[in-house]
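What follows is a set of structures to go through.
Two complexes follow with chain A in common, the first pairing it with chain B and the second with chain C.
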Partner chain A sequence: MSWLKTLLQYLLYHKPRPESTVFQAGIEDKPGQAETGLAGGAGGRRQPQAAGGGGQKTSGRKKRGYSAREKFSGQVEENLSIEEILQGEVKLAYSLEENRRVLAKIFHVPQNKDVVLRSLSIGTNPPVKALLVFIDGITNAQVQNLAILQPLMVLSGLVDERRGAGHAGSVYRDLFDRVREALLPNNQVAETDTYRRVVDDVLGGNSALLIDGFNQALLLETKGWHYRSVGTPQVEAVIQGPQEAFTEQIRINTSLVRKIIRDPALVTEFIKVGKSSPLQCAVMYMANLANPDLVREVKRRLSNIRADYVQETGLMEQMIEDNPYYPAPQVLRTERPDRVAANIMEGKVGILVGGNPFAMVVPVTFWDLMQVPEDAYVRWPFGSFMRLIRYAGLFLAMLLPAHYVAIVGYHQEFIPTDLLLAMTGSREKVPFPSIVEVLIMELSFELIREAGIRIPGTVGTTLGIIGALILGQAAVAANIVSPILIIVVAVTALGSFAIPNYSFSVSIRVLRFVYIFLAALLGLLGILVGFFIHAGLLVSLKSFGSPFMAPAVPVMRKGHDYFLRGMAWQQETRPDYVEPLQERRQPRISRRWLYTRRGRQGGDGP
Partner chain B sequence: MFEGSKISSRQAVFLITTVIVPTSILFLPHMIYVAAKRDAWLSVLAITLFGLGVGDIIGRLGRRFPGQTVVQYSRRLLGPVLGGAVGLVYAGFFIYINAFVVREFSEMLVTNYYKETPQVVFVLGIVFVAVYIVWYGLEVLTRVNDMVLPLVLIMLGVLLITSVPIAEPENLLPVLDNGVGPVLQGAVPAAVFFDETVIMLVLISNLTRPAEARVAIAKAVLLVGLIQLLVVVTVVTVLGTLTENQLYPTLHLARHLRVGPYLANVDPLILLIWILGGFLKVTIFHYCATICAAQLLGLSGYGLVSVVNGAILSILAVVLWEDAIELSYQISRIIPPFFLAVQAGIPVLLLAVAFFKRQGVTAGDRN
Partner chain C sequence: MRRVLGVLALLLLVMLPAGCYDYSEPDEKAWVMAMGLDRGRQNVLTVTAVIAVPKNIAGSGGGQPAAGGGGKNFFTVSLEAPTLLSSLELLNAVVDRRADLSHIKWFVFSRELAEQGIGEYLAPISRFYQFRRTSLMLVCQGRAEDFLARGLPVLEDNAGKYYELMHRGWRYTEFIPFDTFHQFYYKSSAPGVVPVAMLASLERKEPVYPDNAPKPKGKYEAGRIPRQGGSSIEVMGAAVFRQERMVGTLNADETGLVKLINGTLRRTLLDVRDPKHPDKFVIMEVKPRQRPSVKVQIAGGHPSIEVDIKMEGGIISIQSGEEYEKPGNIPFLEDAVEKELLEDFHAAVAKSQELGADFFGFGLYAKKLFRTWPEWEAYNWDEKYPMASVTLHVDFKVRRIGLIHETLPQK
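Up next, the complex of A and B:
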C-alpha cells in the first residue's frame, strides 16, 4: 500500500509558503517609504501599526513607514559612530586594549575574517605588548614574517640592553623610536596618531604596528597582492613601437611613464577620489612645461568629486568632463605609456587611475582622437598617409549611409547615368524605402558588432561568418536590401573601425543614425543642416579650457603634427592651445650633424 | 562691443568673403551678362573698385568709433531721434536683405533639387540653423566659418579647374565692342553684392584691432573680386551666349561639365557650396540684424531677439515675393538704389558728419 500512500502524498502535496523576501522590510517598500518620509508626522502615527508583524500582504506593507534604517537602528548608530571616528580624525589611545577594541569595532572583526589583529610581545626586557593589524591576502606574508615579526619577537632581545630606551646615552628617545629606527628592517615606515590613517593604510595593504603605552602607530610597507604583469596593448596595438601597456597597478603605471621620461621635472601627484573606496589617482605632468592653471584645474576637478564609488577610468571621465551632453569624448583614454609620456611632454596632464589599465590625458582635441602613436613611429609620408586614410574613414563612417539615403531618395541626378541605372536596377525588387533598407542593415551590423564583443571567444569566429556572409548574402537574395547597400554598410563599418579612439568611434556610430534620419527628411540639405549644427557644437566644445577643434578652429599656430604628420625635425613647438611654459620643443636646427664638419667629434657644431 | 566675442581681422576677412561669395557666384554671372555681355569680367573689375571704396568708408567709420556698432554711434552723431532712425534702418535692412537671401536660397533648392517640397520647409530649416548658431554667439559663428569657408573655396576651385578643358577663350573677344556703357550698366546690380561689406558696420565693434578694419575689408573685397572674376570668366568662356538664358549659369556649368569619361555630374558641388556658404551668409546677416535690434531696444542680451528676429525673417521670406521671377526682377531692377543708399550712402553721410563734428577717434588722436 505504500505506492498508494505516495500517490496520496503527491496529490495532496502543497508547497510550503515561501518567504516573500529576504528583507523583512521588503524592497518594494521603498516608494511607500519615501512617501511617509515626506509626510513626516504621519510616519510616527503609523509606527504602532508597523509592529503588527511581517506576515501581511505587500500592499498592506506599503503603507507602513517601516524601513531598514529603523529596524537596524542599533547597527546604523554603530556605523555612524565608526564614521565619526574616521572622519573626526580621532587620535589613537595610549592603551593597547582600547586601541584594539576600537579597531576591532571599525573592522567588524569577529565577523570579518579578512582582518587580522595579531598580538605579539616585543622581546625587550621587560617584554612589551604590541598589536599588528593587517588584512590577510593583500599583504605579503613573507615580508611580515622576516621584516616585522622576526626582528620584533626574536631579534629585539639580542641588541645591547644598555643602549635600550630610557638609559643614559641612548640614541633613541624611547622604545617606540627604537622600534622604528633599529628593529624594523622595512623600507618604508611611517607613523601616525589617528585611527583614520591606520585604517586607510591597512586597507591599502600596509600593516600597522601599535605598541602598548604609545598613542602612535607605525605603518609598515607590506603590500603584496596579485596583479597582472605588464602586457602588450590590447586596444591600441601598433606594429612598430613599444609593446607595453598599463596594468591595473597604479604604481607600476607611474613607473612605466617615468621610465620613459627620465626628467626630475616629471611630477606625480596623488589624489584620493571617492568616499567609501578612495581611489588613488596619479596626476602626472612636467613641472617645467605644463601650464600651472591647467594642472590646478585638473586637481581641482579631481579633488572635488563627491561620490561613493568611482572605481574606473570611464566613471572618472564622466565626473570630470566639460560637457556631458555632447557625444564626443573630452578626455583621451589610452593604455599606452608611450602615448601618455608623449602627451605629457607636450605640456598636457596625464591622469592615471588606480586599478585600471587606462590612463587619461587632458586636454584633448579632435585631432588627438584621430591619431595613433604609430603615426610618429613610421616615417612621415606614411604616417601622414595613414592619417588621411583615417579621416576618410571618419567621414565615410559618419556620412556615407546618409548620402546613400539622400541620393536614392532625392538626388538621383547626382550620380552618373550608368551607375544610376545599375543602382535603381538592383533596387527595383526591394520593397522598402531606402531609409528602412539602410536602417535594417545598419542595425543588424550594430547587432553583429555588439554580439561579437559579448560572445565567448571560442565561438567568435563563427559569428563573423554568420554575420558577414550569410546575413548579407541572404538579405540580398531575399530582396530585402540591394547589393549596393551591402557595400555601403561594409565600407561604413570599415570606416568606423579605422577611428582609433574607441569612445570617439562609438559616438560617430551613434551620430551616423542622426544623419541618416536627417537625410531621409531633407536629403542633402538635411545632412548639411546636421553638419552645421554639429560644427557649431564642435567649435563651442572645450576640453579643460582648450578648444576642442584647436589648432584648426580657432586658428592657432600649427605645429607639423595635427592634421598631417610632419617630419620629426620639423616639430619644433609644442601645441599652442595648452599654453605650455616652454614653447620650443627643440632648436630650429635639430639635425646638427648636417652642419658639423665631418671628422669633428661632439655636438658643438659651428 | 555688445557681445563679448572678439574676432581677429583674418576672421573678419573670412566672414566678409562668406557673406559675398556664395550668392554672388550663383546670381552675378547672369545679372552682369544680361547688360555687359562678353565684357562681364570688366564689370567685375569695376564693382571691385567700387566695393573697395565703400569698404574703405565703412572701415574709416568703424575706426573712428572702436567697440561701437552703427546703432550706437549714429545716435551719438545725429542725436537720439535721427540716430535712432538710422539704427532702425539698419536693423530693418539686415532683416530685409536676409529675407532676400533666405528666399533666393529656398527658391534655388525648390527649382533645382526639391521640386515637390513646400518652400516653407527650407525657409524654416535655414532660419533654425541661423538662430541656433547666433544663440552661441559670434565666436562660434566665426569658428564655424573658419572651418567651412576653406571647404567652400576648395570645392569652388575644383569646379573651376575641371571646367578649364572645355573653356573657349574666344568667347571673350572682342573686348569692349559696345563701349564702356554696358559694362557700367552691368556693374550696377552687382554692386549690391559687393557692398555687403556693410556687415562690418556691426562687426568692427568685435574686432580685436579695429584699426586693421580698413585693410581687412580691402583684402576681403579683393579676394571676393578675384573669385568673382574667375567665376565670371569661366562661365562666359564655357557657356558663351547661353549665359543669358540661364538664371543660374554656374549651376548650368556644373551640370554640363564632363571631364573624361568618368567625371560628370559635379553639380552636387554647387549645391554644397551654396548650402554651406548660404547658411553662413544667412547666419551672419541674422547676427547683425539681431545685434542691431537688441541695441536699438536697449536690451542687455540678444538671445530672445534672435528668436523673434528669426520668426519675422521666416515670415518675410515666405510672404514677400510670389515666385523666383519676381524675386530676381526685384533684385536686379528695383532694389539696387535703395540698398546702395543704405550700404554706401548712409556710411558716407555718417562719416561726413563725424568728420565735421570732429567726433570719434581720428588718426591724429590715437598717437
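Up next, the complex of A and C:
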C-alpha cells in the first residue's frame, strides 16, 4: 500500500501556502499589551506606542509582502486593544469622563453616527452628571423620553423636594440604588460593571445609563427595532392548517411556539453563539420529555462555535451538523411554529436563531424530511396517500432519468415493442446519443429553475415554466431531443418539487446527475451500485446521535407515523430514537366517548 | 477533504474501464420482428428476417406521425445461410443497422422443413441471449419467406404488434394453441408429452370444399379456411411434432381439446347439431368448469387413462326456435353438447394414438406413478401410449340461456 500512498501524495501535491505573519506578530505581542492595558485601566492611551512597536517588529521580521494589515498597523493595534477591553472583562471606571472616552473609542465615535452618547444631569439636589448610551434606530425614542429622560431630569427634583434634602433615613443605599429603584419606570432594568456587558446590551437595542461617581451602569430595556410581522408560510404552505410562519424577531418566534404548547415544562434557553458577533439562539425543549443528553449535546455544540459570521440558520446548520460530507441534511429547517411545536412534543429540540424566520429541529430522520404537517391535519387515508405520492416523487426525481439512460442505452429489451419502435422512430433525426440528450435537458431545466429564482419580481416563476415548455417543444421540433425525453424531464421535475424539504430536494437534484453518470457507464448495474452505496451512506449517518434511517434501520419500535400516517388515535408513543423521558403520549384508549354511555359526561378525562 | 477527493478520483478510475461498453442507441439497431426458416436453395437454409421500419410506424422528428402509406412498415430479407444465427451476421451485410433479436415475436418454419426435423435449429437459438422464450413457434404451409413477405398487417402499423395479436386469440378461441417457444422447447425435450405449434398459412385462393353441405367450423384449419378478403395470412389449428419432426396437423376442434386438457382453454363457441332438427345448429358458449381430472393406471403392461371433464356454458342462439331454455328441455341440450364433445374427443384421441404422439400430455399424469426418472424413461411412454385405453367422461351444464328466456313460435 505504500506505493499507493506515494502515488496519492504525488497526485494530491499542494504547494504550501505562505503563512501570514503580521497578524500573528500582533497576537504574540498581545499578552504583554493586555497586562499594560489592564494596569492602565483603559487601553486607549498607550495606543501610539504599541502601534509603533508592532509595526517595527513586523517589518523587521518579514521583508516580503506589503499587506493592508501592515499598512494600517496602527488601526490593527487599536482594534486589538478594544478587543482586549471587551474580552478581558475590563471593569467600568468611577469617572464618568473616563467611561465616556472608553465607550467612544469602542463605538468609534465620532465617526460612527449610529451611537449616541447623551449627557444629562439628574435633577437631584445637587445635580449629578450622567450619560445615556444607545444606538439610534434600534431603540424606542418614546420609551427613552418618557421612561428615562423625563423622570431623571424633571421628575427626580419633585420627589427630592417633597422628601427633603439629604439621604438620612432613606431606604436607598445610595444615589445609584435610588435611581434604579425609584426613578426609572422601566420594566426591565439590569446593572453591570463591565464594558463588555454595556456594549452587548447597547448593540441589542437597550440603553445604558452611567452615573458619575459610580463604576456601574444601568441597562434599560428600550428595544425598538423594526421587524416584519407574523406572515403566512412562504416555503411550507399547507392547505388546511395554521397559516402562521416564523418571523425575524426571535422573541416573537419563541412566543409563537409557546402559544401552541401552553405547558410550564416548555423551556426556552438562550445561548450566545459565536465570539466576535454574538448571536442569540433559543433552544426550546420540553423539560419533562426531551432527553437531557440530547439537550446537553445541542447546547454543547452551540456554545462551542467560534465563528465570524453565523447569523443565519443555514450557516448555523452547517456549523452543528454531524457530517458535512453526506448528501442529506441532518437538521430539519422549518418556518412553521406548529411543526416545531409538534416535534418538541415528540421529545426533540428546537433551535431558533435570532433574526431568522427559519427554526431548526434536531434530531431529524429521513422520514421527517419526507413529511409535511398537513399529513396529520387531513384524515389518515389521505395523509398516507400524500406520503406515498411524495415517496414516488422522490424516486422519480432521483432515478427516472438514470433509468431512461440505462434502458435506452443498454436494456432495450425492457421496452414494449410498440414503445420501442415509437421511440426509435421519433429519434431518427436526433444527432446526439441519449445520454447527451438527457444531460442537455436536465441541465437546461436546472438553468431555468435557477434563473426563475434569481429573476426579480413575481413574474419569475411563470416565466420559468413558460420557458421550460417552449424549450421542450422547440427542442423537439429542432430535432435536438426526442419527445419522450420531455416527459421524462417533466416528471423528474415534478418529482423533485414534491419533496417537501428544500435542502433534501436540492441534494436529490444533485445526486440525480451522479445516477445518470452511473447509468451511462454501466446501465442498470451502475444504478444498482450507486443505490447500494447511497443507501449505505444514509444508514450510517447520524443526526445528533439518532440514526438517520431510524426506526427502519436500525430496527426500532415503530409508531404509526413514520412511513405512512396512522390514525390520530393510534399515535400513542413518541419516537424511540430520541429516547424521550415519557414514552407514551396518549393512553391506549384515546376516544373515551366510545366507552361511555350516552347522556353521561365522560369519565375523569380532561 | 483531499482524501475524499482522492477516493472519488480512484472510484472514477474504477468506473471508466467499463466505459459504456455495449451502449447502443435504439436507432442504431434493426429490430427483427420475425424470422422464417425454409429449406435453402443455394445453401442449407433460407432465413427470412422481418425488420421493422420505425420511422414509418412512429413518424420521425417533431412528434408528428408519418403520413400513412408513405412506405412499408417492415421489409423482409431472405438470406441463404448454413445456420439460423449465421444469418444474423450476414444481415449486417445488407442492413445498415445492427440486427437485434431481442424483440422477436415469431419463428416460422415451413412445413417442408418441419417435416424434415427442426431439432438442430431449436437448441441453438434457446441458448442465445437475445432470444426470448416468449416468442412463438409457427409452422406455415408453403414457404416461410413468402408467408412473411406477404403477411402484411391491415389494422396495425407495427408488424410486431400484429404478430402478437394474431396469437392473442388463444384467449377467446379454441383454435389457436397457447404454447410459446418455452412450452414447445420443454415439451419437445421431456418424455410423456409432445409439443404442438401454431399452424399458419397464406390465404388459399382456390375453393376448399366442393359443395355447401353443413360443416362445423371446427373442422377447418389454416390453409383450408374458405374465405374471401382479410389479411393474407391466417392461423388456425396446430402442427404436431414427434421427435422434433412434424407428423401431422390438428384442426380447430382438436386444438381446442388439447388446450382443454392442458388447462389453457378459456372459452369457445361450439356449433352443436340440434338434437331435434339435425340440419340446424345450436350455438353454445362453452368454458371449463374445473381443471380436467386425468387419472392414469398402469395394469397389465398398458396404461388405462380416465379423463373427467367438467364444462359449463350458455346458449348463444337456437336456430330452430325450439324451446330449449325451458327447464325440462335443458338436459336435451346438455346431452347434445356432451355427445358432440365426446365424439370430437374420441376422434382426437384416436388421431393421437394413430400418430403415436401424446399431444394431450397424458404422460405427464402417468409420470407420478414412477419413483425415479430412469424408471420413467425406461417405461418408454411414447411406445406404450398408442395401446392405452382412454375413457372419457364429459359433464356439461347450461348456466345461462341468453337474453331471451322464452321462445315464441315464429309466425
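By our rule, the second predicted complex is superposed on the first by the 522 of 606 C-alpha atoms of A that agree within 3 Å, B and C clash if a C-alpha of one lies under 4 Å from a C-alpha of the other, contacts with A are read in each partner's own complex, and residues count from 1 in each chain.
Convention: contacts are C-beta pairs under 8 Å (C-beta built on N, C-alpha and C of every residue); 3 or more make two chains touch, one makes a residue touch a chain.
Remember, predicted model here, so these are calculated numbers, not experimental data.
A.B. asks: Go through the superposed model and pick first if A:522 touches only chain B, second if only chain C, both, or neither.
C.D. replies: both
A.B. asks: So in the superposed three-chain picture, is A:557 touching just chain B, just chain C, both, or none of them (first/second/both/neither)?
C.D. replies: Neither chain B nor chain C is touched by A:557.
A.B. asks: According to the stated criteria, A:428 is in contact with first (chain B), second (chain C), both, or neither; which is it?
C.D. replies: The second partner, chain C, only.
A.B. asks: Give one of first, second, both or neither to describe whether A:410 is in contact with chain B, with chain C, with both, or with none.
C.D. replies: Both: A:410 reaches chain B and chain C.
A.B. asks: Does chain A have more residues touched by chain B or by chain C?
C.D. replies: Answer, by number of touched residues of chain A: C.
A.B. asks: Who does A:105 touch here: chain B (first), chain C (second), both, or neither?
C.D. replies: Once the two structures are laid over each other on A, A:105 reaches no partner at all.
A.B. asks: Looking at A:91 after the superposition, I want to know if it touches chain B, chain C, both of them or none. Which is it: first, second, both, neither?
C.D. replies: In the superposition, A:91 contacts neither chain B nor chain C.
A.B. asks: Does any part of chain A touch chain B in one structure and chain C in the other, and if so which residues?
C.D. replies: Common interface on chain A, chain B vs chain C: 410, 413, 415, 522-523, 526.
A.B. asks: Show me the residue ranges of chain A that touch chain B in the complex, using the header's touch definition.
C.D. replies: 410-411, 413-416, 522-526, 528-529, 532-533, 535-536, 539-540, 547, 549, 552-555
A.B. asks: Quick check: in the complex, which residue numbers of chain B touch chain A?
C.D. replies: 8, 10-11, 109, 113-114, 117, 121-122, 125, 128-129, 132-133, 136, 139-140, 142-144, 146-148, 262, 264-265, 267-268, 271-272, 275-276, 279
A.B. asks: What residues on chain A touch chain C, complex-wise?
C.D. replies: Listed in rising order, the residues are 8, 11-12, 14, 325, 408-410, 412-413, 415, 417-418, 420-430, 433-435, 476-477, 479, 483, 518, 520-523, 526.
A.B. asks: Which residues of chain C touch chain A in their complex?
C.D. replies: Interface residues on chain C, with respect to chain A: 2, 4-6, 9, 15-16, 18-20, 22-27, 29, 31, 33, 52, 54-63, 66, 100, 102-103, 105, 130, 132, 158, 160-161, 164.
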